[in-house]
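Notes to accompany the following structure.
Chains here go by letter, A, B, C and D, matching the order in which they are written, and residues are numbered from 1 within each.
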Amino acid sequence: MPSNWGRWGEDDQLGTLNLITEETRARGAAEVRTGRAVSLALPIQPTPLISGPFAPSAQDASPVQHVMVYTGSPATATADVMLVTNHHPRSTHLDALGHIVRDGRVYPGRPLEQSVTPVGVQHGSTTAFAAGITTRGVLLDLAVDGPLANGYAVTSRDFEAAEERQKVQLESGDALVVRCGWGMTPDPSRPMPGMSLDAVRWMHERGASLYAGDIADAHPSLDATGPSPMHGVALPMLGMPLIDAAGLDELAALCAELDRYAFLLTVAPPRIHGLTGVPVNPLAVF
Amino acid sequence: MPSNWGRWGEDDQLGTLNLITEETRARGAAEVRTGRAVSLALPIQPTPLISGPFAPSAQDASPVQHVMVYTGSPATATADVMLVTNHHPRSTHLDALGHIVRDGRVYPGRPLEQSVTPVGVQHGSTTAFAAGITTRGVLLDLAVDGPLANGYAVTSRDFEAAEERQKVQLESGDALVVRCGWGMTPDPSRPMPGMSLDAVRWMHERGASLYAGDIADAHPSLDATGPSPMHGVALPMLGMPLIDAAGLDELAALCAELDRYAFLLTVAPPRIHGLTGVPVNPLAVF
Amino acid sequence: MPSNWGRWGEDDQLGTLNLITEETRARGAAEVRTGRAVSLALPIQPTPLISGPFAPSAQDASPVQHVMVYTGSPATATADVMLVTNHHPRSTHLDALGHIVRDGRVYPGRPLEQSVTPVGVQHGSTTAFAAGITTRGVLLDLAVDGPLANGYAVTSRDFEAAEERQKVQLESGDALVVRCGWGMTPDPSRPMPGMSLDAVRWMHERGASLYAGDIADAHPSLDATGPSPMHGVALPMLGMPLIDAAGLDELAALCAELDRYAFLLTVAPPRIHGLTGVPVNPLAVF
Amino acid sequence: MPSNWGRWGEDDQLGTLNLITEETRARGAAEVRTGRAVSLALPIQPTPLISGPFAPSAQDASPVQHVMVYTGSPATATADVMLVTNHHPRSTHLDALGHIVRDGRVYPGRPLEQSVTPVGVQHGSTTAFAAGITTRGVLLDLAVDGPLANGYAVTSRDFEAAEERQKVQLESGDALVVRCGWGMTPDPSRPMPGMSLDAVRWMHERGASLYAGDIADAHPSLDATGPSPMHGVALPMLGMPLIDAAGLDELAALCAELDRYAFLLTVAPPRIHGLTGVPVNPLAVF
């Protein structure tokens, strides 16, 4: 099993973000020509918390609920409070390194109780993302001919075929963006495809600093007896932050239009410390 | 009083973001050389919602509260839910155009009840920011010689002096970033400085697309009988989105180090629709 | 229109609860023989706020959402935080006197802005219920022959017929409990019955101190041009607290079994000040 | 160590509430003469969630936070949403039997994972209190001569002395109400008194069905190496529900005035299922 435990010290909180160097950033910067930008986030429609005459009595579970706040009568301002479920499956969000526990340990091998307490995450939290992540991003679009098949296991061969087809190469420190063509709210009755352990090994060898995908792990699991390759290995063992539920259709269309599959990727979640994950709106700038 | 009501139609939701053109973006893109990036956001330390043996019994009111979630025993993952006060004074946040009501109307002159209901904001909300904001940003650092004086009224002369000193010029579509040197949690007993109406007129004439400042309006008001220049005029009348409570010390230090006061600014709040404001982590990329 | 504005002073916060005297309480106490008790509250099944692998992706909007809290791993305690929508239509809750605004005024005629601010209710809130409400309760069961007809307007004649049938009489200071036979989550496509203005006048004349019903106002309104008799007149004009969405089937069955329609009613919401309403579990003690 | 595991079956959810019989209730009912009632709950002042110009920037951590909700402009109603920390030390609340875990098990000996999941409590939750608790209550006032001494360990002798002094006797099925004279927010620098294991054994022998006290366990613990007698033994081993942080000064004054220390106790939390604890406003009716 691939692992980075110890590679950057016992106390590391950056994981594969350590692979982002000045050279990586300059490579990303070199992709910026027009300033045209596209979001990699799915839209979130919050549901109102209130009810009675003011709201419907049934609702879909949104990642965000909010309350419009009374500001006086007549109102002189509008304001709201929102409640965010950080790891909601339909929210484009960034998993912090401490999100997954393996045998009582979190990246890079620390006992859970040293990293996490009831009042928050002391180590491996979103604090590591406080200044945002800026690097070159590379889209590997595996869905040019339509969504991946039910339960498909993505391997390194799919990545290398995409690199060749798109004439682009993932280099150390780049963010890997993978499109499987399975959009928001996939049919739960159909087995979702996902990354194989072989795919994770390839990310490790190539030095991917970050993963953003419309899909990460298959559901149900590709291997019911082992850990999920992305959430169970890449996140806790490699220390690779994951962006779950990215929305990649607009990006794929723009990449195809420009025939360019590399860009400057900026990921700048709200600067909230100590969380296990946080909604994010990654931008690809061309 | 300066106004853009009607300038981009009765139904406009972008306000001064309409001033961001391909040319503006290209101007921003041209500033990107190394990919070095800095955050314009203050850090937020969330406070835990729980209590009893698990949390302190008194707390400062944070913009964000969160709860660490039970995921089984022993835990196999860590997760949390957070509660966000969108317009908290110590949160770097982006005000949507519908945040302020003037005489029962919101930008661009629509009756409040057509834009806002108890279940959310239908018009002039954060939906307008769904794809992020990317443009050239220009820092005017008014605090090179220390924080502005108590109750100081910033005018166009301060801006033009800074432009000359820094050898930079705010052009139409640029984002204006203003540093007053009053950091987080200023002493409430000291009158905060703020923008004058003259300063807002200058932003209007120059075509600023966005304002980000460590301070916006003075507190107490510069003119107790009139509207606040930024929240009462620039936001509702010009339709200029405001970033409140930006953290600009790191940016100012980097600009001074590089002797460059223009950069690519990306503002990418979580893609949550229908809010009156949202926490944001603006990035300046050099 | 019946009104109690001014009857107990300009500053009154108790409304018709002023009608509960030592004599009323003794009348209630005299009904207690065995200590057998029944709840008048509907059960509330909270919905979990979390998601991902831990919760379903769709949910009915419950009055209460909650989060199971992480307490360490392995867990030494279980704990939770809950979010309550105080006026949820499927929650048995007690409306405070300041809940309804009429022409900018709340009971007993105070301007809204003197009673309510963005930070809470200063006057006419749940603070008035801090020590609970204890009085004699009288059930008038209008649904002995089945639910009231669609859109039926309840009048004083229905009440008096029930009194005669049940051999009980509502006296001044008693709590009036009315069963219409429309249980929880009635079919929204069928017009709900409700109290007429005549029914409210009867409550006023008789001196009802409190109303608890499985239904209060008809939906849609009996009179689209006027205020709702219960929420629009009884609550703000009479100052009569309302218990919305009571669950009365168990109570009706017990009353029929014992052939006794009067009991000691205790209403003891959590002692939380300053709310506009609060969930409650009224008990009828026999 | 006293234990009721298995006494009422492997699947029991009532614990010592099983001791409340018709006879117990009738004994309580016999105490009701005038209907005069007093609350055993501390008042809770909720803190507003909003901020900016609408709220203070610092606050004490209240058990309840709330948001006043926008209902239109001008407002036609007032409404709010509240967030409740169920086990807050300054909230009078009822602990459910599943609140404490001992060696991975909860009352009556079930493995934790069979009772509790991330989405709620399946067994031993507040569901058991859905219809309220009604029984005879007996106040033993240990603080007639002032608050108990710092770190005092309450024993069965204190209880029996109080019974003799007050001419009252706790019988099987009665609720035990204990006043130590340590009110809300005691000075954290002074060691709080608390129940000893001997006191718990006495409750077990006498058949107390419920405990309500201004204090339960000492803080710091009387015996640092063992479980807390109330939360660590009475709750999980005896299955005795606990009311934490009761407010007993009014009750003690009324008992002294009437020279009666027994009453009908009704405990009727909001009928919310599946919680680990819930705020409550117990009423003593005389």
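Assume a contact is a pair of C-beta atoms (placed from the backbone, for glycine too) under 8 Å apart; a residue touches a chain by one contact, two chains touch by 3 or more.
Owing to the predicted nature of the structure, the values given are computational and were not obtained by experimental measurement.
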Exercise for the section: Could you work out how many touching-chain steps separate chain A from chain C at minimum? Expected result: 1
Practice task
Any chance you could check whether B-C or C-D wins on number of contacting C-beta pairs?
Solution key: C-D
Exercise for the section: Note whether the interface between chain A and chain D is symmetric in residue numbering, meaning over half of all numbers used appear on both sides, and answer same or different. Expected result: same
Problem - Rotation angle superposing chain A onto its copy chain B by C-alpha atoms, nearest 5 degrees - result: 180
Completion exercise
chain C to chain D, mean C-alpha position gap in Å, rounds to 25
Handout entry: Whole-Å separation of chain centres (CA-atom averages), chain B against chain C
Key = 45
Fill in the blank from the handout: For chain B, residue numbers touching 2 or more other chains are 49-50, 52, 54-55, 68-71, 73-75, 78-79, 81, 83, 85, 87, 101, 104, 112, 116-118
Problem - For the chain D and chain A complex, residues of the former touching the latter - result: 49-50, 52, 54, 67-71, 73-75, 78-79, 81
Practice task
Write out the stretch or stretches of chain D touching chain C in their complex.
Solution key: 22, 24-29, 32-39, 41-46, 48, 50, 54-55, 64, 66, 68, 74-87, 92, 98-101, 104, 106, 112, 116-121, 130-132, 134-135, 264, 266, 268-283, 285
Practice task
Report the residues of chain C in contact with chain A in the complex, numbered from low to high.
Solution key: 47, 49-52, 55-61, 63, 69-73, 83, 85, 87-90, 101, 104, 112-113, 116-118, 185, 188
